[in-house]
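Structure in structure tokens, see below.
For reference, chains read A, B, C, D, E, F, G, H, I, J, K and L in written order, and residue numbers begin at 1 within each chain.
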Amino acid sequence: MEISIINGPNLNLLGKREKPIYGETSFGDYLEKLNVEFPNIRFTYFQSNVEGEIINKLHEIGFSGDGIILNAGGYTHTSVAIADAVRSIETPVVEVHVSNIFASEGFRHISLVAPAASGSIIGFGLDSYRLAILSFL
Amino acid sequence: MEISIINGPNLNLLGKREKPIYGETSFGDYLEKLNVEFPNIRFTYFQSNVEGEIINKLHEIGFSGDGIILNAGGYTHTSVAIADAVRSIETPVVEVHVSNIFASEGFRHISLVAPAASGSIIGFGLDSYRLAILSFL
Amino acid sequence: MEISIINGPNLNLLGKREKPIYGETSFGDYLEKLNVEFPNIRFTYFQSNVEGEIINKLHEIGFSGDGIILNAGGYTHTSVAIADAVRSIETPVVEVHVSNIFASEGFRHISLVAPAASGSIIGFGLDSYRLAILSFL
Amino acid sequence: MEISIINGPNLNLLGKREKPIYGETSFGDYLEKLNVEFPNIRFTYFQSNVEGEIINKLHEIGFSGDGIILNAGGYTHTSVAIADAVRSIETPVVEVHVSNIFASEGFRHISLVAPAASGSIIGFGLDSYRLAILSFL
Amino acid sequence: MEISIINGPNLNLLGKREKPIYGETSFGDYLEKLNVEFPNIRFTYFQSNVEGEIINKLHEIGFSGDGIILNAGGYTHTSVAIADAVRSIETPVVEVHVSNIFASEGFRHISLVAPAASGSIIGFGLDSYRLAILSFL
Amino acid sequence: MEISIINGPNLNLLGKREKPIYGETSFGDYLEKLNVEFPNIRFTYFQSNVEGEIINKLHEIGFSGDGIILNAGGYTHTSVAIADAVRSIETPVVEVHVSNIFASEGFRHISLVAPAASGSIIGFGLDSYRLAILSFL
Amino acid sequence: MEISIINGPNLNLLGKREKPIYGETSFGDYLEKLNVEFPNIRFTYFQSNVEGEIINKLHEIGFSGDGIILNAGGYTHTSVAIADAVRSIETPVVEVHVSNIFASEGFRHISLVAPAASGSIIGFGLDSYRLAILSFL
Amino acid sequence: MEISIINGPNLNLLGKREKPIYGETSFGDYLEKLNVEFPNIRFTYFQSNVEGEIINKLHEIGFSGDGIILNAGGYTHTSVAIADAVRSIETPVVEVHVSNIFASEGFRHISLVAPAASGSIIGFGLDSYRLAILSFL
Amino acid sequence: MEISIINGPNLNLLGKREKPIYGETSFGDYLEKLNVEFPNIRFTYFQSNVEGEIINKLHEIGFSGDGIILNAGGYTHTSVAIADAVRSIETPVVEVHVSNIFASEGFRHISLVAPAASGSIIGFGLDSYRLAILSFL
Amino acid sequence: MEISIINGPNLNLLGKREKPIYGETSFGDYLEKLNVEFPNIRFTYFQSNVEGEIINKLHEIGFSGDGIILNAGGYTHTSVAIADAVRSIETPVVEVHVSNIFASEGFRHISLVAPAASGSIIGFGLDSYRLAILSFL
Amino acid sequence: MEISIINGPNLNLLGKREKPIYGETSFGDYLEKLNVEFPNIRFTYFQSNVEGEIINKLHEIGFSGDGIILNAGGYTHTSVAIADAVRSIETPVVEVHVSNIFASEGFRHISLVAPAASGSIIGFGLDSYRLAILSFL
Amino acid sequence: MEISIINGPNLNLLGKREKPIYGETSFGDYLEKLNVEFPNIRFTYFQSNVEGEIINKLHEIGFSGDGIILNAGGYTHTSVAIADAVRSIETPVVEVHVSNIFASEGFRHISLVAPAASGSIIGFGLDSYRLAILSFL
């Protein structure tokens, strides 16, 4: 089974940035744990701060594989283009967020990606990714 | 382990109501499957169409047990009182929705419950409940 | 022929409450007149101030009978849950209002029930109910 | 008894226009049925696509007769001037709509005519006119 | 000196319509008084309930004469087209209103005509017209 | 003298819920203090988490007694129906709030009950109830 | 081939009105040029300042011919009725505007006609009409 | 006859400030002209940049004299307190503006004073004051 | 005990202004009654129509005494500066209003002062002041 | 003659993505047809999913050549930066859209690019590009 | 060189008010430091809590001197009149704020003064004033 | 001392683009002047039109150096992701703008970057950068 994880802007700083909100684990460490927990899944990981590169990656992997997990970071709230990319591809996309975006500033309450995704998992810390993986099983 | 599931208005009609959106399985049948899949969890199930009875139940179970899964149905978008109840209790509450509320009518895009919940799982059909259970494991 | 009339909050006070707006006839007296005027129709009458009980009643009668007349009172403007119940059942529902909600305070100009109903009759005093009955004939 | 029916813009195309929404009966055919059903009522019929001619007609018939049935079509949502004309005359005016305007696009949810009318009947197809007539009986 | 007065919809009912707001004098009687008070001014008077005829008249008289007094009635709040006509012509246009539109319903607080007019006189009853005439002297 | 106190949703948890905001005294203990402080007043106390039961109680006591003190909790901001009930009865109703709703989240800044109440007392902790009682003396 | 051009309010003043925005050519002169440039197309031209006459014309020509070019002028931003007429007919309608409405005042940014048209051509001066013709070839 | 003129903030700079909008005449010079043109009227003149002093003056002169002409300047758009003062007094108040506030920035389109005034005269330059005086004759 | 009462704009006209809303008692007479009713309290009274003088007074008395009662009148709805002054001082400030601001025009529904005050008492007529005093006891 | 075509995000998937809306032709195939139809025009083609690369390209080609055709895709509705780039360059830019953005979701009704472009052509399928080319001839 | 500093409401309490936000230095102490740091500049200092006195001062000094530094405090967000005064004078005005108004409550995000000022310096604590001085050098 | 300057989209065209607004100096020339004026500061300069590259650069330099000066250009008003990057790093960031964004189009009045920055300097032309440098001294 093949699952791709795409992380958007600033998520490369996980474990380093605003720790009280986002925790102290880096995504690299977390990914290793996922590999251990799900030995039968081949994970692809991609992170970019560039909106268009996220779209490129969605196009590249969006017509094969079993699932995509997308945390679009700050682009969640502003990117019609990423949401359109999700709509344009065939592989199902699950949206995840580490923090509870609904309990954050008002401009984080709206996700442009959500209506295009097949489902959303929000607010469980890094565990949101594990739950998204489980949604494909 | 003890997990309570609380379903709000019209969810008693699952399997009977608007099948193209909500599917053909009744919640009773689905609950049996959960019992089989999670033999070590003791599930409590409660459904009510009355906003205040949902609050009563949250108060009753909200200071014990390991987790509460709440699908507040139509009250999701209108009930400050249920959200306050979630804030008032101690057991963690995970919000679930069967359909993708962000792809529905505009008034369903806002969840008053979400900022009070510890996490939200939205749009996976009945599978949203299974993922919510897994979030407590 | 079977027609159910469901009245929402505060309509039990008809004839007693704000008479200049709502008139001096109680709904009980009016119902007797309807029984006389429509001897071939079997009327069921239900009134509740509890949102969820109105939903319960809609579920109970919503898969049989010939028509439902619903005056959701103040819940008209705030209840996604009642509107969802109307969408969930099969018996056609006609919305009625005694007063002209469009000539009242701004928050009464929007009916959440209306888009779910098969039709709306607004502003004819108690005569709105008679017209709703005639809509089923 | 004298009742006038005034139809606004595009209603001359009834039976010809967007049939899935508005049905296949022309208003001329429907009017004949009304004449048969209500032999004691003298109906006047007027249709115009010109906002100001509808106002002229309201002025002309608005100080005599027993009732006016007004379907202002698209002007319902934009015409302060027609609503003012309804306020300016003495014959009671009942607003009707063929389709459920509350289940249509957002700009059709607001009727400027409604607060000026004595009542509104919405969403019963052509039957809305029959119910409006019955409201005067 | 030549001054044209253009009255919009429902103003033909002045003296007959909603007397507590608009007074009991008809515009015809009032015009006679103006003729007496301003013997050196040649008045042209035009009233129409048709938005486009008001535009036609503005085009016809808008490139000659000394001034135009325009009470666009209900079109004041909805007609981009009349405002564009005022912008398109050369004769200065003064906007008048009989009642205080700012103390009326919210939708009457905005005048689309006002930004196109050279000035506005509002709320003096029929005397608004006299003041508009004096503004040209 | 007879004064009724009605508390809405989650107020049964006073002294137990979010103590930094709502304090540590339960309402039962507070009520005893009121009985001591006002020996000549007969207090009736009612608490419910069900919107419609609050309406039922308002109807039941709303045509006798000397005053009603209503803290509608979360329904304050969403219930047209409770506000209508307050409008429908004859006994004067004073609105109270323990915390300063105007310093809370934006959706708590609007009280639908306030325009229907004879007065509002907001933000004095439990002392708001004592002041409401004093308003009837 | 038959193409109809319909111009709305104030467009009869083209070449005369606000020349810096709309240019110095009258529409009559421009139409002659179109006749020369497209000798195989039979053009019908209609201009009216009356909203309802534009609707009448759309009805008249809307079930025959090869295409309609509509510049609804100021009615673009306010006329639900014209948009409904475009929806009601069968001949394809292309919307044109001489100036860039999106660079004008805010109320000109919304076109009610656009969602009903098969396409829109905006901001090319009179050349917008030529492009609209070419869209039918 | 006694008429008071009250000018609000920055109007002391008339003739000095933003001349293309407000002209080159100082109010002192203009007042002399008014004294010549209306020899039978006793004018009182007051200017202040302090909102509360304008209120003080309105209180002082608001229960005697024949009329007050108020140009509240920038306070027009922000002062509930001045509007309340106008409502509190007995002498009729006419609102004037030198420039066309409706053709200025959006925040100048709303006058809080207007609904409290007996009439408004807007956009005639300094001539607005002369017309206001004539409104009292 | 020392309590200061600060009244804002137009409250000097109490008993004289809009009597159906604000009653017929002047504040001077009312203050005498308070002196009699609360002989152990030393009252300071200050009224000003000038926003900045209210701020000056708050600064002057805001670091001593036992309590401040503030009715900011029309500034309630517009003054960030007064609200900031309340936040800047140490003596607790209770906001009062004579009339029910929530049942008045829409712009009176928002109090900028309320979130800065320790509590608000609204709608009890002059009795609001007595209740505010009692809140300090 | 030199014309550049710039396509924004997801337009590389034309012919592959959401075919009922965007058709089955790839842009490559379409471009060949344009080369045949316009042998005297040298076309440059650029597509990118990266907002900033579109800006880079606009800068690169924006001071030479005869025209730029820009379909900014999803960035149309969100990119102030691309609109600023259009404003910053000298070559005229025509905006095109394949689908009728005004008949799509609400967030697609606003184009930030449109006010900066010299004209817009919307809703003609791929034919929008041909019409844009013709606008430069 | 002559520079005037004008401070608005509550800034007289600097060093005393809400120290965690505004710091512990009084403005008097800070001014002394500025005198030392800029010995060649003659500073004038003015503070008032009265909106109109700030306007008076702006008028008084606004046609001479080299620059004005204005911190309008709470009036920043509500005073059209002060912004008009800034527009009316000739000396350049630089707006300063001690705290980051964009990170404060929503109503502090809009500055009415900013569009009238020649520049704004926001959020550097008292150092904002020093930077404003440097902007004139 | 090390200070980095980051310029966002279209700022590479400074001196070339819309000169009446942005001036005729290129940023390269300006940077040389800064090097002369501040010989003890080591400046790093980075410009990109790509949102994500600006984020990359902020991450790269955001955990060392003495200060960052950020002019996010058009991304100022739309980029949650850049604002998040500013929040994620440790080096203080000062926001600058060449033109007065508050005097520009409405969509430029809101800066998403401002609440994340330590301060903002707006509207001083290129001098804004010099003042930002001085803020670090």
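We adopt the following convention: a contact is a pair of C-beta atoms (placed from the backbone, for glycine too) under 8 Å apart; a residue touches a chain by one contact, two chains touch by 3 or more.
All figures in this text were calculated on a predicted structure; none of them were measured in a lab.
Counted as hops between touching chains, the shortest connection from chain C to chain F is 1.
Just one of A-B, G-J or H-I has an interface built like that of C-F, with over half of its contact pairs in common by residue number: H-I. Averaged C-alpha coordinates give centres for chain B and chain D that are 46 Å from one another.
Chain F has its Cα centroid 47 Å from the Cα centroid of chain D.
For chain B, the set of residues that touch two or more other chains comprises 50-53, 78.
Pairwise chain contacts in this structure: A-B, A-J, A-L, B-C, B-F, C-D, C-F, D-E, D-G, E-G, E-H, F-I, G-J, H-I, H-K, I-K, J-L, K-L.
Residue ranges of chain G in contact with chain E, taken from their complex: 8-10, 12-13, 16-18, 48-53, 73-75, 77-78, 107-108. Only residues 100, 102-103, 109-111, 114-124, 127-128, 130-131, 134-135 of chain E touch chain H when the two sit together in their complex.
Touching chain L in their complex are the following residues of chain J: 50-53, 55-56, 59, 78-85, 87-89, 112.
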